[in-house]
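Here's the structure we're looking at; comments come further down.
Chain IDs A, B and C follow the sequence of writing; residue 1 opens each chain.
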Amino acid sequence: MSMRTLLLVGSRLVQVVPVLVLATLAIFGLLQLVPGDPAAVIAGETATAERIAQIRQMLGLDLPVWQQYLHWLSGAVRGDLSTSLITGVPVLEEVLRRLPNTLLIVFMALALSVAIGVPLGILAATNVDGRIDRLVTSTASLGVAVPNFWMGMILVGFFALGLGWFPTTGAASLTQEPLRALHHATLPACALALSGIAEITRQLRSALIDVLSSQYVRTLHAKGLPQSKILWRHGLKNVSLTLLTVVGLVFNRTLGATVAIEAVFAIPGTGSLVVASATNKDFPVVQGVVFVLVLIVIACNLLIDLLYAALDPRMSRR
Amino acid sequence: MTGPAPQPMIAAEEVGIHFPVGRGRVLKAVDGVSLAVMKGETFGVIGESGSGKTTLGRAMVCLEKPSAGRIRHAGTDPYALSSRELRRHRRQYQIVFQDPNAALNPRMSIIDSIREPMDVAAELPRAEREERARALMERVGLSPDFARRYPHELSGGQKQRVCIARVLTLRPSVIVCDEAVSALDVSIQADILNLLAELQQEFGLTYVFITHNLGVVAHVSDRIAVMYLGRIVELGRTEDVIERPVHPYTEALLSAEPVALPADLRPNKRIVLEGELPSPVSPPSGCRFRTRCRFVQPLCAEQEPPWRESGAGHWSACHFAGELHLMSNAELHPHRNVAERQP
Amino acid sequence: MSATVQQASRRKRRSRLRTWLAGDRRAAISLSFLLLLGSLSLLAGVIAPYSPVAQSMDILAPPSAAHWLGTDDLGRDVFSRLLHGGPMTLYASFLAVSVGLAIGLPIGVLAGYLGGWVDTGVGRIIDTMLSFPSIVLAIAVTGALGIGLTNSMIAVGIVFSPGIARLIRVQTMIVKGDLFVDAARTFGSSTWRVIFRHILPNAIQPVIVQVTLLLATALLAEASLSFLGLGVQPPQPSWGQMLARAYTYMEIAPEQMYAPGLAILFTALAFNALGESLRALLDPTRSRND
């Protein structure tokens, strides 16, 4: 690594710090949104006074707010995200146990989105206002409007219940049974990929149209360069930055959207964990899941930022 | 002079207006400017684009806060007022902008725009505001049919009339005209200038006329200040500055003025300014004009020229003021009669 | 006289609406669909053949003359539930977007107008909030506020607010530099007057487009959250919650999942199409000739 790259990585890492601090504040602040006495709400209506007091002490709710925050933060930094109020299992352990199931379908969906969205976007952009373009764009607007969990249900009905090609529910460990894990993940990833495909297709199409209609590319045309060469050499090189940005956006959305998909396919991932713990008012778990997911998104944004700088040297000077 | 001197309507005291331009550098758009605008006069400010004249004009109506020095309005420092008092006070000091299109809110009808200053003041009953707005529309030569129209339906000249009517609703004492006619067609420029001259008589207005066009400023002004790179280089009565310029930059401006004459009658004594206008972020040392001056001496780079009076009320900042042989307007343009100022 | 002028301007506005809809068939269809949905929602109590919560012994019946869309697992009429789900869904979408506007608009306008450290701070907070996966954050906030349709939609609105704030902040910064804002200041206008009379009317257009698109997002979020049991609580019907029930009995009565799903799809599609059409209509790069 050159000095310049090191400096760049260093400056980006420093920029991440305030975002991290604000994120922890927001996650900690979730508990402040609970109306009334959080301890009583968490304990439930039938709880005894002892139980409420016990919860209050366990969550440190008897301390001033800033002390609670520092306490929570110092724990989080050391990897201690407290324990579940219901199962008593350490939160980080539970989240990390479920995370692979979630990440498997998210990354599979992301790969599908890129693999299908990019060719579709190119196809549409090179046939602007033609029949293919109109077909692709209207399918894409459909893809943005379809509720993904409903798509999941339809896929289950057709491919799992009807044809029996895929299992209806559950997940398997990628490290222990990789083939079964992929088999299980296929339908959820497909349902999840739908909006990603649509988003990438739309954004890539409009970015490509902008580049291809620019003065610079029209000059290349006039010079007699063949269309395919222009597309590969100039068009795609110029839109690769747009694509990178969109992929980052789609990753963030997919990570959120997986929640409903996990419910449809009964996948024991972080999504189903956050729903169950929000329903049961198991706040340490809710905070833990949100914290880990935000860390993943921030890391992903950082990676995209660095890739951006590597692809576009002009950016790195800023 | 006997008795106390009358308070100037606007007095600038060593005014500096600085903008940060990144990396700790500062652009001094206006740098140590002092001047006084007296009641009832038309005070011209002339300079190239980038001379800081527009920034100075904005400072005169409290749109820019001086970073150094002070602006006084008839003795009052507007920034010493409370924000409520300032809002009341500044109605006396109005500005007409260069681009009438940008100066009107595109989503407000013409009559709403004209009435707005009175709506803000909220001193008159509603019906009276409407009446005054309509009367002023007529006074500036706009048909009442325009009242309910929107800015994009009007021509540039008509929009500038709207802007003039709008500032008049407040019965201000001073109006700063910032290139108020330069965006308009030449034929309309004269109409607007005549309108402004009539209104000055009628309402007893004091004008500050900011322009890059010497023809305009000589035509309407009683006194002229010449600006270069944020500084005033020459200031005096219009006839003095034009007929007996003391600063080489003024001479260059006079010669650069386009003249409506056939080519064979045009003066051959044109003095061409060499080089570009230096960056105001890092102005030349000593005299700022030295990089383009045809009389430049070693002294000019070493010392800032002093601000000196060379005739009655005729000031300039040149080390060699009065020693140079500068050409006057008459010599530069022998075929033209300069004494065509309106009374 | 001013009455006739007002009439003229109203007529002009109406003719502009007509030109827009005549030129964009998709927008016209979407608007008609949404108006139909709106009136059906208002009249749901009158039109619906059954009460949405009335149970019967006719469980999971296929579509018939008596029950156009069949019955659910408790013998309730699916068509009536679909009709009564409409107002729930629309209420939820508008609530979420309103909360988003109520938080995002003032913050974004103030940050853009004041600039300086306020803007820097707000910008940082917005960036941070946008790095939260939105549905997960909405679920977490719902958990804290308490489960239910209104709370879950307030949560969705909170999640929307940074995006709205960012959009209006940029617009405010652009409009703030316009000369008519300077002019208003020289008249002695207060900051509030400048913001409400001059900045907001000229900065709001992209937000209107965004709001239309967000209505679709809110609709999908409501469906997801109700599907997950965090939104509408039984026995109240909502389309997402109907899907959740239909899912349980999918092996026995798979046709139950089509009607609510299509209702969500078409409504989201209509909001999106309307938003895209508005975007094209208000695009500043297109010349305005009215």
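We take it that a residue touches a chain if its C-beta (ideal position, glycine included) is under 8 Å from a C-beta of that chain, and two chains touch if they have at least 3 such contacts.
Because the structure is predicted, anything quoted here is derived from the model rather than measured.
Peer 1: If every chain is reduced to the average of its C-alpha atoms, which one ends up farthest from chain B?
Peer 2: Relative to chain B, the chain whose C-alpha centre sits farthest away is A.
Peer 1: Average the C-alpha coordinates of each chain, average all protein C-alpha coordinates together, and give the chain whose average is closest to the overall one.
Peer 2: That would be C.
Peer 1: For which pair of chains is the number of C-beta contacts greatest?
Peer 2: If you count contacting C-beta pairs, the leading pair is A-C.
Peer 1: Compute the distance, rounded to whole Å, between the mean C-alpha positions of chain B and chain C.
Peer 2: Spacing between the chain centres: roughly 51 Å.
Peer 1: Centroid of chain A to centroid of chain B, CA atoms only: how many Å?
Peer 2: 58
Peer 1: Round to the nearest whole Å and give the separation of the Cα centres of chain A and chain C.
Peer 2: Averaging C-alpha atoms per chain gives centres 23 Å apart.
Peer 1: Chain A touches which residues of chain C in the complex?
Peer 2: 124-125, 127-129, 131-137, 139-147, 216, 220, 223-224, 227-230, 240, 243, 246-247, 250-251, 254, 257, 261, 264-265, 268-269, 272-273, 276
Peer 1: Which bits of chain C are touching chain B when the two form their complex?
Peer 2: Residues 2, 5, 9, 178-180, 182-190, 193, 197-198, 201-202, 288 of chain C touch chain B in their complex.
Peer 1: Applying the document's contact rule, which stretches of chain A touch chain C when the two form their complex?
Peer 2: 18-19, 22-23, 26-27, 30-31, 33-35, 41, 141-142, 144-147, 149-150, 153-154, 156-157, 161, 252-253, 255-257, 259-260, 263-264, 271, 274-275, 277-279, 281, 283, 286-287, 289-290, 293-294, 297-298, 301
Peer 1: If you look only at chain B, which of its residues touch chain C in the complex?
Peer 2: For this pair, the touching residues of chain B are 58, 61-63, 86-88, 90-91, 93-95, 97, 99, 102-108, 116-117, 120-121, 148, 152, 163, 166, 170.
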